[in-house]
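Since the structure comes first, as C-alpha cells, the remarks are kept for the end.
Here the chain labels run A, B, C and D in written order, and each chain numbers its own residues starting at 1.
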Amino acid sequence: MIIILKEQAAPQKIRELIADIEGQGLSVHQSQGVNTTLLGIIGDTTKVDVEKLQALDVVAQVKRIQEPYKSANRKFHPQDTVVDIRGRKLGGGHFQVAAGPCSVENREQILTVADQVKAAGAGLLRGGAFKPRTSPYAFQGLGGEGIELLKEARERTGLPIVTEIMNISHLDLFEDVDVIQVGARNMQNFELLKELGHVDKPILLKRGLANTLEELLMSAEYIMSGGNEQVILCERGIRTFETSTRNTLDISAVPMLKKKSHLPVVIDPSHAAGLTWMVEPLSMAAIAAGADGLIIEVHNCPEKALSDGAQSLRPAQFSEIMDKVKKTVDFFGKSMDENQM
Amino acid sequence: MIIILKEQAAPQKIRELIADIEGQGLSVHQSQGVNTTLLGIIGDTTKVDVEKLQALDVVAQVKRIQEPYKSANRKFHPQDTVVDIRGRKLGGGHFQVAAGPCSVENREQILTVADQVKAAGAGLLRGGAFKPRTSPYAFQGLGGEGIELLKEARERTGLPIVTEIMNISHLDLFEDVDVIQVGARNMQNFELLKELGHVDKPILLKRGLANTLEELLMSAEYIMSGGNEQVILCERGIRTFETSTRNTLDISAVPMLKKKSHLPVVIDPSHAAGLTWMVEPLSMAAIAAGADGLIIEVHNCPEKALSDGAQSLRPAQFSEIMDKVKKTVDFFGKSMDENQM
Amino acid sequence: MIIILKEQAAPQKIRELIADIEGQGLSVHQSQGVNTTLLGIIGDTTKVDVEKLQALDVVAQVKRIQEPYKSANRKFHPQDTVVDIRGRKLGGGHFQVAAGPCSVENREQILTVADQVKAAGAGLLRGGAFKPRTSPYAFQGLGGEGIELLKEARERTGLPIVTEIMNISHLDLFEDVDVIQVGARNMQNFELLKELGHVDKPILLKRGLANTLEELLMSAEYIMSGGNEQVILCERGIRTFETSTRNTLDISAVPMLKKKSHLPVVIDPSHAAGLTWMVEPLSMAAIAAGADGLIIEVHNCPEKALSDGAQSLRPAQFSEIMDKVKKTVDFFGKSMDENQM
Amino acid sequence: MIIILKEQAAPQKIRELIADIEGQGLSVHQSQGVNTTLLGIIGDTTKVDVEKLQALDVVAQVKRIQEPYKSANRKFHPQDTVVDIRGRKLGGGHFQVAAGPCSVENREQILTVADQVKAAGAGLLRGGAFKPRTSPYAFQGLGGEGIELLKEARERTGLPIVTEIMNISHLDLFEDVDVIQVGARNMQNFELLKELGHVDKPILLKRGLANTLEELLMSAEYIMSGGNEQVILCERGIRTFETSTRNTLDISAVPMLKKKSHLPVVIDPSHAAGLTWMVEPLSMAAIAAGADGLIIEVHNCPEKALSDGAQSLRPAQFSEIMDKVKKTVDFFGKSMDENQM
C-alpha cells in the first residue's frame, strides 16, 4: 500500500500517521521527493481500512498494491480448491454441470426433470425453492416444500442438490441440501454471508449484477473468514448498456478469477443471456475460457414454467448440448467424473 | 400489454393462450395483420407474469404498456404522499434534511454530532448502527448499542432517527426507530422488503447501484403490497464507467420518480460522489430538480471516522451548506418545517 | 507519477529505466522497501507515455498522480476562461442559453424559431446543418444550405450561431459560423480535433456517450495543444443501464470539470433525457450545480420535426422555461448578459 | 412496427397519421381496444423514422418489431457472407488470424514481426499507421510511411495487410491496402462510413466502446447502403463498471451478431482485456462461441513498443497460442486455409 501525502502535510501529523500504522503491526517506509512524500506500507495490509486513511487531513491518495482479500487469494493458496459435493468433485480439473428447473413447481415436474438431466449426464440437480422475483405479484417459489421435493429427486437419482437461500431464518430448512446458492441480488447481503461462514457445506456464490470481481472475492472472503472455505464462484452476466441480451456474460471473469483465486469458477449461461438458443455457444465459450462447471436451466415444459421459461431448455435440447459439453470438456483437458457415485 | 405472436403460431395454440389470459380476468383483443398477429390485453396487467408469457411457443414478444406496479403508481394515487415522521412531514412540498455520521461510533460522538446538526437546521438524525462493509475485516458497526445511542441523541435533541437494517432478525431492535433505512445492497433483498411491509413505520428505500428506476418502484411495491405505504425513495448514485466520482448521481431520477410515483424522493449527495467538496453543488442540484429531502453525512472528526470519512463533512461545513439549502428550498417553493416540534 | 517495480526486477534493468526517464528531462527518486521498489517521477509528466512504461518487463504498475492534460488544467490556469462569442460572454459568471431546432429544415422554420428563441431570451441560436444519424436512411441534414440559412437567421436576429461539424473537409463551410460544435460521437475523432486546434473560433465539445471526464479533458487538450484555447465543454448524458431516460445526465460532471479545468461547462438537457417534459427540471439542476450555460432544442412544430422531435420544446414552452432560467441564474449569482449587442 | 396511440387522440389526427404512413408505401392495420388504439404497420419499415413518429401529438409509444437494417440482415440474406482478401477467405467456415504490432514503428520491426507471425500461421498482417491516441502528446503513428512499410512486409511475406483509417482525406493512401479498419472511436463517424461505402475493399468495422450490437449493424448498414457489402464486424470489448480488465469482452456478441446478420464476426482479444496473459483464454472462448477470426497484437519487443505494449505478445508466445488456435478451430469445425497463396 502506498500513501501519497498532501504537499502541505505537517511533519507532526505525518509522524502521528506513521506511529498509527506501525501500531497496526506494519512497517512504514518514507520516501521524500521534491514536493511529494510517499509512505510505503509493508506487511499484511488486508485489514487496513483504506477509507479511514483517505479521510485523513494529510493524505492525498491511498493506492493498494496488495489485494484486500486473503483466504480467497491464490497467492496464499496456490493449489486449486477442489470442492467435494457428496463425493463429486468440482475444481482442479474436475468439471460439473448442474441442471434443473428455475423453480421447483411440483413433484412430477422435478422428478421428471431430475431423471432427464441425469440421463443427459448432469452431475448435480439445481432447482429453486425460494425465488427472488422482481415483482411481489410473481410466483415466489414453493419454499420448504420445494426443498423436500428436491430431496426426493436426489434420493431417486443420486444427484446432489443445489438450491438458493434468501433468508437467514430459513437456514434450518437447508440442513440436508448439498450446495447452498447465494443469488446475485444477495451477493452483498453481508449478514447472510457471515452466517454461511459457519455452515459446513459448499456455497455457490453468484456475482451481483453490478459487482466487480474484487467485490465478488470480498464476498467470498466474508464466507471464508467465518471458517467455511468451500466457496464456488459463479459468473452469471453483468448489467451493461447492451439490451439484446438480458445481461452481458463477462467471459474474462473466468481467467481473471482463476488467476486471482484458487476457488472454482462456474458459469450460468442461462441467466447470462436469458435466451435458450444462446446456452450452447456460451457454454462452449465458458469451457474454452477455463470454467470448472456450468449451471443450466432445464424444464420439462418451458412454456408452462412459472418463472424464467424463456431461458429454459427442453430436456432433449439439453441432452444435445451435453453431448457437445462432454467432448469439449475433454478437448480442453478437464474430466467430467460422471460415474463417481 | 401487447403480445406479438410468432408467424407460424397454430390457431389452436392461440385460442388456448387467449382462454388462459381471459381466465385471469382480462380481456383480449386480437388484431390480425398480413403476417403478424397481435393480442392486446386489456385490464389490470400488473400481476401478469411476462416471463411466463415470453416462454410460450407461440409468442414472439411481449410488450408492457402499463407499469408493473400499482400501489406506488401515481396513476392510481395522483396526490403526493406525505410521510409523517414523529410530526415532521416529508413530501408534498415539505423538505427534510437528515444528517449525521456514517457510523455511530460512541456516545460522545453521536451526541455531539446530533447537537451540531440540529443547530445547523437538520430535521432528522441519521447514523449507522449496522454497517454494510465490502470487507469482512472493516468496522461492522456497534449494532444494538448504536441504536440505543441514537435514541439517547433523539431524547436530547428531539430529532427523529433514521438507521439502516441489514437483517430481518434484528427487527425488534428497530422497534423504537423512527425511519428504517434499506441500503442499496439490500434493495432487492425481497425477504427483508416483505417483512418491512408489515411494519408501521416509514421505510427509506435506497436505489441499488445497478437497479433501474422501475426496479426501485417494484421494490417499493413489495413493501406497499404488504400494507406499509410509507415509503421514501432515495437516489444515491449508480454504478457507471466514470471513475472520478465514486458513483454517478442520476439526477433525472428525481423528476422521473416523481412523475411515475406519488412517493417522496430524497437524494444522498454524500454517497453519490463520495467527495466532501461535492456535497454542496449536488445538494443544490437535487433541490432544483425537485427532491423532497437530503441525507448528508456529517462527522465531528472525519479524519478519525471508522467508515466513510472521506465523504463526511465537518459540522462547520455542514452548517454553511445548510444556510444555502434553506434559501434554495425556499427559492424553489418548498418549506423546511424546521420548528414543528 | 509512481512506478512500482516487479519484485524480481534486475538492477541493471532498473538503472536503464531510470536513465531513460531522466533522458526525458524528469527526475527520479528511488525508494527501496523490503520487497517493493518504487520510483517517484518528478517533473512535468504530462507527456510521459504510461502504456509504454507498463509494457516494460521490470514494471508492475504505473500510477499517475498528476493529470495527463496541461492546457485544460486549472492548476496551470486558475482563472476561469471566458469565451467571447461575437461579444457575448460565456464562462466566468456569464451564463448563456443556446436554443434552436435539432435540424435546420427550411428557411421559414429556422427564421421563425430564431425570432422566437430570441424573444424568449436565448443568447445563441443553435441548429444542425449536418446531422449524425444512427440510420443511413434517416434525414442527414441540409448541409451547406443549412449553414446559409443559419447565417440569414443570425443577420435577422443578431444571435450568434452554433452548429455541428462532422467532416474535416467541410471546414470551409464553417468559416462564418460563430461556434463549431463537435458531437458526442466525434469526441474522439482525433483528426477532427487536431484540425480544430488551428481554427480561431470557439469549439463546443460534447462528451462522448461512454467517455470519462478525463477523456473529455484530453480531447479538449487535443484542440488546445493546436493553439485554440476557446473550448466549451458540454455534458449531454452518458450511456448507462437505465432505460427510462435516453441517457443519464451526469450532473456531477459540472462541479468536477470546473474543479479540474478553467474551461466553461454547459449542459444539454434536451439530449440528456430525450424527454421534453424533463428539460425544465434538468435545466434547473444544471444551473444549481454551477453550469455556465444550456443548449436547448426548440422547434416551432415538434411533431413535424425531421429529427429528435420527441425532445424538442415548442416556443411557448421554451419561453416559460426561460423565465425560470433567468430567475434561477440570478439566484445562483451568475448573469445572463441578454442585452450585450 | 406498432404505434400505440394516446387515449385522447383525436380521430382526425389519427386519420392524418394513417394517410401519412400509407403515403410511404406501407399498410396500416388499426386495432381498437377499450381505451387503447394500436396501429400495426405492415411492409418494409426499415426507413421509417421512429423519432419523428414519437414526436407526434397523438402517439404514446412506437415499438419496432422489424430490425432497422436491411442489407446487413440475415433475414434477407440467409447465407453467410464470405469475404475474400486477396484470395484468403474469411467467414462461412473460413477462419482467419490477423496479427502484428499495434503501431508500425520502423522497417526492421514490421518486417521481423511479419516474418514471425507468418511462420506462426497468421493469415493476415495487421499494423497501425495512423493511431488514435487519447493524448495529443502520445505517438500518433508513422502515417503514410507506415502504410508503405506494411506493403513492403506484404511483398516479402505474401500476407494481406489490415490497417486503420482515421481521416477521409487519407483515403488515397489506402488504395493498395487489403482491409481498411474502422476503429472503435470512429464506429459512428458516419461521414467516414459513407465514404467507405464507395470503396471496393473489405472494411473491418470495430464496435464502439459503448455501442449496442444494433448500432454496430446500423453502422455496417451505412457502408453497405453505399454499395460496399464486404464488411467484417469486430467485437473488441465494451466499457463497463469492471476495472480489472481494460474493457469487458462481450462474448455473446458473437452468436448474436451471427444470428442477426450474415456478416463475418471477428474478435480482438488483445484490446478486449488489455492483458497479454488473457489473450489465450479469450481466443479459445471466441472460437468456441463461433467467431470467424481473431485480431491479435504481436510485437517483437513489447517493452519497447511505442503504443499498447502491455497487451502485445512476443512472437514466441504468439506461436504457442497459434498452435492451440489451430487445433481449436479444427475441433469446432472451421478451417484455417493457411496455404491458399
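Convention: contacts are C-beta pairs under 8 Å (C-beta built on N, C-alpha and C of every residue); 3 or more make two chains touch, one makes a residue touch a chain.
Just so we're clear, the structure is a prediction, and the values are computed from it rather than from any experiment.
With chains reduced to the mean position of their C-alpha atoms, the one farthest from chain D is B.
Remark: chain A and chain C have CA centroids separated by 40 Å (rounded to whole angstrom). Chain geometry summary: the mean Cα position of chain A and that of chain B are 27 Å apart. In this assembly, the C-alpha centroid of chain B lies 32 Å from the C-alpha centroid of chain C.
Counting only residues that touch two or more partner chains, chain B has 210, 239-241, 243.
If each chain is drawn as a node and touching chains are joined, the picture has every node linked to every other.
Those residues of chain A that touch chain B in the complex are listed here as 46-47, 49, 51-52, 54-57, 68-69, 132-140, 166-169, 185-186, 188-191, 193-194, 208-210, 215, 218, 221-222, 225-226, 239, 302-303, 305-310, 312.
Here chain D touches chain A in the complex through residues 210, 212-214, 238, 240-245, 248-252, 254-256, 259, 272-273, 277-278, 281-282, 284-290, 328, 331-332, going by the rule given at the top.
Those residues of chain A lying in contact with chain C across their complex are 2, 4, 27, 29, 31-36, 38, 40, 42, 60-61, 63, 65, 210, 239-241, 243.
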